[in-house]
């Protein structure tokens, strides 16, 4: 019975400590900047187009084949009178968030730093009623970056892991 | 008291009859026990009824009923023990199949 | 014929009081569910219900409404009669138990001469409901749960009854009100510490509260006899559980803590008496929840062994000691001393019995080898 | 007399089906117990409800892509699983891992062991029947470790942080301080568990002498990890065939000789204390430096060959058998699951015990179903 | 509106049947009794008495007639509780409560455990057959005789008094000490006998298990 | 007897529990050992993985009350349902760990009135947390069917939604919505606990939106 | 105490059983009104952790339960005798006390016998 | 790699490397009468044993007084397509603390091998798994049911190289998103 008394004292000591609950919908815990929610495409604010050139590198590297990339000639390329240095640019881009396993590989393989993991809460609060809504198209993927709503985290030694 | 003694006696008689029927008609040993319980209840009703109505001190009948309850409890325990053993050894709780005593 | 409340005839009076009790029971059971969730939340370093109504106060109401609006299933293979009547058999006895509960002087449904016996007798019936539920569900977990519940309830009923008798010996009556009033000076717990502890433990077991919750243990029998019940029928069991928790804590406080009496007289009025009852019961309820948060579940053999080998002999001894002291007119302090000695004996016996000797391992090996 | 009803009186032991959805099977494990009264006469375990072909899929992935699958194979100790995998690749590709990376790996692996053992404590407490409390305590501390991991790797469970050759990226600058904070929290958690369970009579009565397995049997069944160490076999890969820097720090292999459930619990509790010790020493010795070898190829390829790497995961020996026929992906990857072997002994350990005991014996093995089934 | 009541589909559940049985059988009886009471034909006590009698007799009939033994046992509860009410009518509060305590909690549990153990929940009604008319005859005869005797005899006026419970106890323990001791011995013996039998049964079961009867 | 029959299809398995050792001849039987690999869907899969059709039965009040009087009842029912969503304790794989985390002190689903119950009979929500393999799928389906109406399903994580990382292994079901209807999908592998809470909030919104259906 | 007091005391008990019954029944009827209703074959299968049931549940339980039930009935009867004793032994004096000691001792012997025979042991 | 230094020499995993300094000598002695050959793996010595002799060899390895391979780490198979299936045993000695890999190559036409369950009980489930994953049959196995597969899906061997992967149901791209947008 003494052992039981000890258990009860232990629980009592917890009873007297304040609760540790984070009041979630009201209080959002600050996310670490490395947080990996889902990949997003970055927007080149200078030229007002996505960084992505549609090079398919990420599509091929994705372990779960959840990306689809279609590339087109850039209508904004300098050769056709635009101000962009990208000859090719992304035409259509889908990422199936429902399948993505958030492995960061697409970010690591992209040579244009055009894709980054969403490290804001918007990347986590993505419940939908239809799974087709989880297939993000180009517009959805870029809008957050377009608005400047994402601060991309670049690994300090990120170059070291091109395995 | 407005209820005549005969009402209780009639009730107890009917109950006893039902119990008697159960003992005779059913073959499951446990059901026979249940029927015996019914009969005992009828008997106890009689005891108390007579004690209340006919005994000025209204006492011995109550004590008898108390002992009936006590003994009935003991009886059920013992009888069920026997039934269980019967069941385990003869694979049945049916009294007709257990009518030979050579086990 | 004696007239009761408001000068009504006894039938009407009974109805009025019972309706009050119905309201009280519903509110209290729901409140208890809420309180238990909140308190357990604190024990778990979290908050508990918070978002339904202010401070989550409406949580139980929402639960109840939802359960009413939930489909009420009966498994195809279940035995219709037993399955459907199980909730009645569980709930009605508990409700009957309210009849003798003393909330304050002058308010209870009835003061029965044999109140304690009545309570014990009535509450022993509800176990049949558990067995009905368990057997009728045609579900193995339910079946095992029902059997366990029955075995546990009958085993702990004896220490329960006997320690309750120990109290009634002091007063020489089975009338709960008289027992309460006799404690105006010193509550019985002072004279009967051993009986109090035995009674508390047995009450935990009768309530199927941890550590005696093996009939409903989630990790073994997935909720016991109620596995197959859904919707409102299930919530009847749930309601009954909390109603009996309430009854039991009122009863303990009446028998051992002095119920609505306290040592400093009665001049503060009935409202204060009610408060005393509530406070004493709340302390007990908190204790019960606290135990729930802290102890593991016993195993069936340990549980039964504890009732038969430790609690039953000790409570018999308590009765004999009480009788001896009372018959030979020894000073009452002897009771206290003997009771404290008994508590030590209980602690010692518990630790000895529950801490299995190391040699038990050898038998475990032998068994597993024999079996495999 | 004609026995018309004999069939109705056949006695049969109760067949109790536990799982795949059962609160105490820790996932989708299923066992059918043959119960006589309350005593278990026989147990048939059924596994495979989570068999999802990680090995097969890894054969189609290159080495880096496989890391994610390793995480998901041993999701309670993802770092340990990653470690085995990358060590296997490193052994084949003959990569030299820089010191700093090794120290960090060791810290992470031990922290993960802590969080996994905490999970065990919680789940086991539930099995024994404490209402929620141990689970909650476990998760309070686990959450601290998870937060730390999240700050390092970016994900709460599936870290994908180790890479063949080193680490994906360096740890944050405040890593050491955060680690120490976490350790403080964990120490509190261990103390809470100690207070809540270790001495509690009911807990002791429920666990002592239950689920005994002798050292010889344990070896025969190929058990590993705390489960075998509780039977008195000091089998710990960290000590027997040291990897990382385990030889450079001071720690003890915790063994108990009782071989019962209580001993397994104590073993894990002791190991948690040891892990805290190890992490502290590692933190002291952590120095700046490279986290990847100098020259890493852009696409890692391995020469043909095969290797069987074993590491000590929280649940026991986590082995990775990697066969390469050249190229950038495994030819065959086999995960040696500690839980699978430990689980095999379940029947041996729990036959003859009570139903409730069988459940805590299962809890004491601490299975992770996706590792068992892969 | 009533045309839209999908009665058969919605009300097929037994509890509805239970409610219906409650209201169809007990309801008219209750209504009738209350009507009589209102008409001052019978007293309140008689209302309760007749109610209890109906419960007792229905329960007893259920107990001996129902094919499923568990149902029989449960229906016996109704009888025993009703009998407790009758004891109460006979001014014996203590015995009524003891009846509930010993039967409702104890004996019924014992019987149910016995049923569960023997797997005899499904009674071989098939094998009952032949004795039924005979049994009915004998049962009816006995009941008829007793009823006739009870009705024909002239029972004098009631002499009922309530014994206060302490006085009952006092006289019980003053005058009946020897029977009490004998009861104690009887209980011991019964219990030992039951134990021995049950243990024999258990060892038989164990033998079953050992000889592969069930494995 | 070796258990060969499918428990779901046959209804009975393991009439005797101790597996009789099947003594194989020491010498190999001379049947050809390279059995054919059946490409594509396995023939046995069809019956066990047919989708569930929910048959909604209407509540009585929906049938007898006039429309206006249904509205407040609908509202009350929907509001109470949304505040008391009881999920079934049911974890399949890694996602289950995050689901447990959500119940725990830091997130505390109890704040929303969400408490897990072990039996489907008492639960309103099924959180499919983890990979549904084809071996497990019948059980998931059965459990869903055993839940009383009204019931909802949250598909938690990539695996439950469409097979996730394991889609390409042919023993894995490509999404639990192949067999049971899903109300809310949470992406992620695994989703954060907050994401699960978010899905519950989404489910609550759904319940309020569909409250006209409350008596379904 | 008169018969009338006795009856009026127990009237609420009768009423309470009726009220309790009606309470449960009305909750059930309310639920019938509000709850959805469907009859699906699979839905009404017995829950067994996601498997279809292996066999009918109603098989025998352990003998242990029965032994405890016998013990309980015996001691219940003992308790029944203690009830009147507890309220009256003071009026009789020492003889009643020693009678009860003997009574308990005899039954205690039985308990001891059962204990020694291992009836209180689960295996 | 520090991790490899304890058991075998650390570098040069060339299979042709000399076997000096390993336990091959002991193993060779223990396996007298069995035509075994050895090569040096990255960490352990790999011994090739003819499938017919495998049980004898394993028994000898376990019983040998100096080797004492009492611990079966892992048992699995590798599908080498045309070259048949290797059944691989990873052994360990808890007392002498050394490792050994034993391999038996089964020709694709005769996938039978004797069971090792009589030697280590650990082999039970591992063999069941290997059997259903590769179609290897273990003669004399006490309980040859499927382990991981559903009971009715035991006639395909998913870990064989020729076992196809499933088609992914793709919603994005040419699937739903694309066609909708393009209309």
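For clarity, chains are labelled A, B, C, D, E, F, G and H in written order, and residue numbers in each chain start from 1.
As a convention for this text, a residue touches a chain if its C-beta (ideal position, glycine included) is under 8 Å from a C-beta of that chain, and two chains touch if they have at least 3 such contacts.
What you see is a predicted model; the values in this text were computed from it and never measured.
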Pair of chains joined by more contacts [C-beta pairs], F-G or D-G: F-G
Distance-to-centre winner among chains (Cα means, whole assembly as reference): F
Euclidean distance of C-alpha centroids - chain G vs chain H, Å: 60
Where chain B and chain D are represented by their mean Cα positions, the distance between them in whole Å: 63
CA centroid of chain A to CA centroid of chain H, Å: 40
Separation of chain B from chain G, taking each centre as the mean of its C-alpha atoms, in whole Å: 20
Multi-partner residues of chain E (each touching 2 or more other chains): 10, 13, 15, 44-45, 91, 93-94, 98, 101-102, 105-107, 109-110, 113-114, 116-120, 124, 127, 160, 162, 165-166, 168, 172, 183, 187, 190-191, 194-195, 198, 201-202, 205, 215
Where chain C touches two or more other chains, by residue: 11, 41, 43-47, 50, 69-74, 113-114, 117-118, 135, 140-141, 144, 147, 150, 154, 157, 172-174, 218, 222, 227-228, 231, 293-295, 300-301, 350-351, 367
Sequence positions of chain F contacting 2 or more other chains: 3, 7, 14, 18-19, 57, 59-60, 77, 89, 104-106, 108, 111, 118-119, 121, 135, 139, 143, 148-150, 162-163, 165, 167-172, 175, 189, 192, 215
Sites on chain A touched by chain F in the complex: 19-25, 28-29, 37-38, 63-65, 96-102, 121, 124-131, 134
Complex contacts: residues of chain H adjacent to chain F: 108-112, 114, 135, 137, 139-145, 148-153, 155-158, 160, 162-166, 168-169, 171
For the chain G and chain F complex, residues of the former touching the latter: 32-40, 42-43, 45, 47, 49-55
Touching residues on chain F, where the partner in the complex is chain H: 2-7, 9, 19, 21-26, 28, 32-35, 37-40, 42, 44-45, 134-135, 162-163, 167-172, 174-175
Contact footprint of chain A on chain F as seen in their complex: 105-108, 111, 155, 158, 161-165, 167-168, 175, 177, 182-189, 191-192, 194-195, 197-199, 201-203, 206
